[in-house]
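By letter and in written order, the chains are A, B, C and D; residue numbering begins at 1 in each of them.
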Amino acid sequence: SPQELAFQARIDRGEKIEPKEWMPEGYRKTLIRQIGQHAHSEIVGQLPEGNWITRAPTLERKAILLAKVQDEAGHGLYLYSAAETLGVSRDELFEKLHSGAMKYSSIFNYPTLTWADMGAVGWLVDGAAIMNQVPLQRTSYGPYSRAMIRICKEESFHQRQGYSIMMTMAKGTPAQKDMAQDALNRFWYPALMMFGPSDKDSVHSEQSMAWKIKMNTNDELRQKFVNETVPQAEYLGLSVPDETLAWNEEKQGYDFAEPDWSEFFEVIKGNGPCNRERLEARVTAWDEGAWFREGLSAHAEKAAAARMAAE
Amino acid sequence: RPAFFEWLCRMGDSTLILGHRTSEWCGHGPALEEDIALANTALDLIGHTQFWLGLAAEVEGKGRSADQLAYLRDAWHFRNLLLVELPKGDMGQTLVREFLFDAWHHLQLDWLAANSSSPRVREIAAKALKEVSYHLERVCDLVIRLGDGTEESHRRLQDALDRLWPYTGEMFTGDAVDATVAGAGIAPDPASLRPAWDALVDEVLEAATLTRPQTRPDAQKGGRQGRHTEHLGFILAEMQFLQRAYPGATW
Amino acid sequence: RPAFFEWLCRMGDSTLILGHRTSEWCGHGPALEEDIALANTALDLIGHTQFWLGLAAEVEGKGRSADQLAYLRDAWHFRNLLLVELPKGDMGQTLVREFLFDAWHHLQLDWLAANSSSPRVREIAAKALKEVSYHLERVCDLVIRLGDGTEESHRRLQDALDRLWPYTGEMFTGDAVDATVAGAGIAPDPASLRPAWDALVDEVLEAATLTRPQTRPDAQKGGRQGRHTEHLGFILAEMQFLQRAYPGATW
Amino acid sequence: SPQELAFQARIDRGEKIEPKEWMPEGYRKTLIRQIGQHAHSEIVGQLPEGNWITRAPTLERKAILLAKVQDEAGHGLYLYSAAETLGVSRDELFEKLHSGAMKYSSIFNYPTLTWADMGAVGWLVDGAAIMNQVPLQRTSYGPYSRAMIRICKEESFHQRQGYSIMMTMAKGTPAQKDMAQDALNRFWYPALMMFGPSDKDSVHSEQSMAWKIKMNTNDELRQKFVNETVPQAEYLGLSVPDETLAWNEEKQGYDFAEPDWSEFFEVIKGNGPCNRERLEARVTAWDEGAWFREGLSAHAEKAAAARMAAE
C-alpha cells in the first residue's frame, strides 16, 4: 500500500518512528515481541546473578553486584515503558511471560555455579548483549532506540566489571584460575548461542532488517563477538573451549566451531538446566506479591475518593 | 577505644546483616519498582557497612580490614541488633522491619552527624543520613498505604508489627559500651532516642490504621552483646563461604 | 585407580547429599512415625557415606580422610547425582525422590554385593543393602498409599514425579569413569540397571495410580561430572561451615 | 472415699496401677498433664538440636546427632502411647500443644547458637532430664514407669555423648574452649530452672508426691544436679557462671545461686527467645502434613472397603 511504502521510505531515510505515528501492524507486533522479550530477559536475568549476592566474597564486590542487578531491573523498566508506547501494558507482558507465551533469553536458563560465573556472565553474556544492542541504538523506533542508548552505556560498564572479576580470578590462586577456566568452558557456547541460529535458519530476519528492527545478521554479530573476545581470553591466560579455533587471515577473523544447536532448541523447549526454576521464581514472586499490589491500588482508590469528596 | 570499636561493629554489623536480608529479595520482589528500591536499599546499607567496619578496623588497630571483620568473625562476635537478622518473611515483614529500624537509624545518624565528638563518625553519618532519609520516607509511605490498603495488606502489616515489636526495645537499651561511648560524646545515650522514635512510629501507625502492640518491646535482646538468634549462623555460613573456603585469596 | 576414586566419590557424595536433604526434615515431619523414619534414613545414608568416602580416601592415597572429602571440597569437586541435591520440597517431593533413588540404589547395591570384583566394595554394599532394602520397601508402600489416597495426595505425588523425572536418566548414563570401573568388574554398567528399574517403577506407579511421565528422563545431568545445580553451593556453605571456619580443629 | 483410700494403700505398698484399673480423676488428669508435657518436650526438643544436624562438623558427629534426635522422637512415641492408656489420643494432645493449652519444657525456648551447644544440651539438659526421670522409673503408673525405664537408658547415653563434645571442645583450640565456656554460661541457669520453682512455690507437689507421680522435691533434685555437675565442669576446665558457688561441708553439697525466676516466668509466658519459633515450627509441620495424614487414612479406608468386598 502507499502508506506502507511511505513508511518504508521514512525508515530508509533514517527517520525515527514515534508512538503516535502510523505503523504497519507487523512492525508493531514484531517490535512488541522483540522489546518484550528483551525486557523479560532483564528481569529473569536478575536471578542467576542474584544467586551470588549473598555470597559475594568482599563488601566491594557485593556492592558492585547489587548495583548491577539493580541496573538490570532498571533496564526492564525502560523496556517495558518502550513496549507500552506500542499499546501493550507491563502486566499483559508479564502474563505472557508467566504463561510461557513469551520467552526470555535462553542464556539465563544456565546456572551460576561459582563466583567466577559472575565474571563470565559480565564478560561474555553482557558482552554478547552489547554486541546485539549497540546497533539497536540506531533502530527505527524512537522509544526503543532511546532506551537502547541508556542501556548500552550501563552494559559496557557491567562488562568491564565482569572482565575485572575474571582477571582477578585468572591471576589468583590455582583454584581461582580453575574456577575461571571452568566458567569460560561453561559459558562460551551458550554465549555464542545468544546471537541466535545461523541467518539461513532464521525466520523473521529479512523483514526486520528492512524495518531496521534488526540491524545486523546473527552470523555477523557472532563473528564480531568471537573476534573481540578471543584476544580477551588470551590476555586472561584462559583457553577458549574450541579446538578448531584459528585465525583466518583472509577474512580477518577467527574460524570457530558452531555451538550445539540441538542443545539450543532443547533449552528453548524448556529442557535447559534452569528453565523450570527461573520461571517458577518469577511466577512465585508475582503471585506472592499480589496482595502488595492490590493493597497499593486499594489505597490509591481510597485517596482518590477522599480527594474527590474534598473538592 | 575498645568500646568505640565495639560500638562501630554494632553499627556496621547491623547495616551488613540488614543489607544481606534486603538483598535476598533481588529478583523476587512483588513489583519491578520494589525490586529496584530494595536492591538500592541493600546497596546503601552495604556502603554504610564499608564505612563503619572500615573505621572499626582502623580503631582496633590490629591490621584487620572491613572485609576481614565482615567475613571472618563467627556469629558470637557479631554485634548487630536481633531485629535485622530475622528472616525476611513476606514483604510485609520486610517493610515493617525496615520501618522500625529506619525510624531509629535516621534519628541515630541525625544525632551523630550533628553532635558526635568524632569527626570521622560525623562524616560517615552525614553521608549515610541522606540515603537513610530517603529510605525512611519511602518506607513510611509504603507502610501507610499498605496498612490502609486492603484487609489483607492491613492484616499482614499488623502481623508483622506484632511479630517484630519484641525486638525493638534493643535499639534503646544501653549497656557499658554505650555508656562509655556516650560519655565520650561519640554517640547518644540509646534511651534518649526513644521519645522521638515513639512519636514518629505512633504517627505513622495511626496514618496506617495500624495498632501499636501492647506486648513488651524489650523481650528480645542480646544481639549487640553477641547473643543472637539461631538465624545468624545460617546467614554467615552463606555470606562467608568464599572467604572461608579460599583463605587468603584476592577477589 | 583415579576412576575407582571418582566412582567411590559418586557413591559417597550421593548418599551424603541425600542424607543432608533428608535430615532437613528432623522435627518437621507430618507425623511422628515419619520423623523417626526420616531421621533413620538420613542416619543410614550418612553411615554409607562414611564407608564410601572412607574407601575413596584410601584409594586416593593422598592422606585425606572421609571427613576431609566431605567437608573440604567445593561444589565443582562433588560427584553426586543432581537428583539428590534438589530442595526437599514438600513430603511428596521428598518421598518420590527417595523412591526414584532407592529403586536405583537397591539395584546398584544388590549388584555390587554379589558381583563386585572389589571385596571392600562387596562388603560395604552388603551392609548398606540391608538398610536400603528397608528404605525401598517403606517408600514404595508410602508412594502407593499416597498416590492412591486423596485427590490432593495423588496430585502432589504426580507433580513431584513430573518435576523429578528429568533427573532420573543420570543414574543410567555412563561415561568414561563408569566404563573403566565396569571394565574392572567393580561396578555394573549404569545402563544395565535400567530395565529392572523401569519394571519396579512401573509396577509401583501402577499400584499408586500414578502416570509415568512422558518427558525426557535424561534432560538434566552433569552432577556425576561435577556440573551441578545452583542448590549444591548452598548445601555445602551450610554443611561445611565449621570445618571451614575453624581449620584443623578436632570435633 | 473408701475407693480412694484403697487406691492410696496400693500405691503406698509400691504396687503399680495399670490402665484398666480404677483411679481417681485427679490422678488421671495429673498424669495426663505430666506425661503429655513430657512427650511434647521430646518433640519440641528435636528442634534446637535439629538446628545443627546439617552443620555438624564431622560425619561421625552428624550420625550421632541424627541418632539422638531420632531417639527423642521415639521417646515422644512411647510417652504419647503411655498417655493414650489414660484415654487421651495423640492428636488431642497435639491440639493442646498447638493451641498453647499444654506446655513443653521451657529449656527448649533457648536457642542453640554454636556447636558447643550440642555438647551443653546433652550434658546439662539431658543431665537435668535424667535427674528428673530416674526416680520416675519407680512411679506408680505402670505404663509411665515402663516408658521411663526405656527412656532413661537412652538419655544417659545422650548425656555421655554431650559431655564428650564438651570435652573435645574444652581441650580443643582457644576458640573452641571459648565456645564451650559460652555454652555453659548460657545453659547453666536454664538447666537449673528445669527442676521447676522452689518447692515452697510449687502448687501441685504434695498430692503428686503422695501418688508417686512426683518422687522428689524440685529443690532436692536441683541440689543433686549441682552436686554432680560442678565437678564435671571442673574436670572440663570450665567455670560455672556462679560466683557464689561454694562447697558446703555441713550439707555435703554445693551452695549455689538461684536462677532468675522472673526470667523463668517470662519464658513460660511466651517471652523466651524461641517460644514463637518453636511453636510455629510444630504447627507448620502439623498443618503442612495434613494432606499426608489424610492421604494415608483415605487409602486405609479404601483398602478396608476392598477387603470387605472381597470377603
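As a working rule, a residue touches a chain if its C-beta (ideal position, glycine included) is under 8 Å from a C-beta of that chain, and two chains touch if they have at least 3 such contacts.
This structure is a prediction, so every number in the text was calculated from the model and none was measured.
The distance from the centre of chain B to the centre of chain D, each centre being the mean of the chain's C-alpha atoms, comes to 37 Å.
Residue positions 55, 175 of chain A each touch two or more of the other chains. Counting partner chains per residue, chain B has residues 74, 233, 237-238, 241 touching two or more of them. Contacts between chains form some other arrangement here, matching none of path, ring, star or all-to-all. Every pair of chains meeting the touch criterion is listed here: A-B, A-C, B-C, B-D, C-D. Remark: chain D residues 43, 46-47, 50, 53-63, 66-67, 69-70, 73-74, 76-77, 80, 90, 115, 165, 168-169, 172-173, 175-176, 281, 284-286, 288-300, 302 touch chain C in the complex.
Listed in rising order, the residues of chain B touching chain D in the complex are 74-76, 163, 166, 216, 219-220, 222, 227-230, 233, 237.
By the touch rule above, chain B contacts chain C in their complex via residues 74, 233-234, 236-238, 240-241, 244-245, 247. Chain B contributes residues 16, 20, 23-24, 26-36, 39-40, 42-43, 46-47, 49-50, 53, 66-67, 70-71, 90-91, 144-146, 148-150, 152-154, 156, 235, 238-239, 241-243, 246, 248-251 to its touches with chain A in the complex.
Across the complex, chain A meets chain C through its residues 48, 51, 55, 111-114, 175, 179, 182, 186, 266, 271, 273-274, 276-277.
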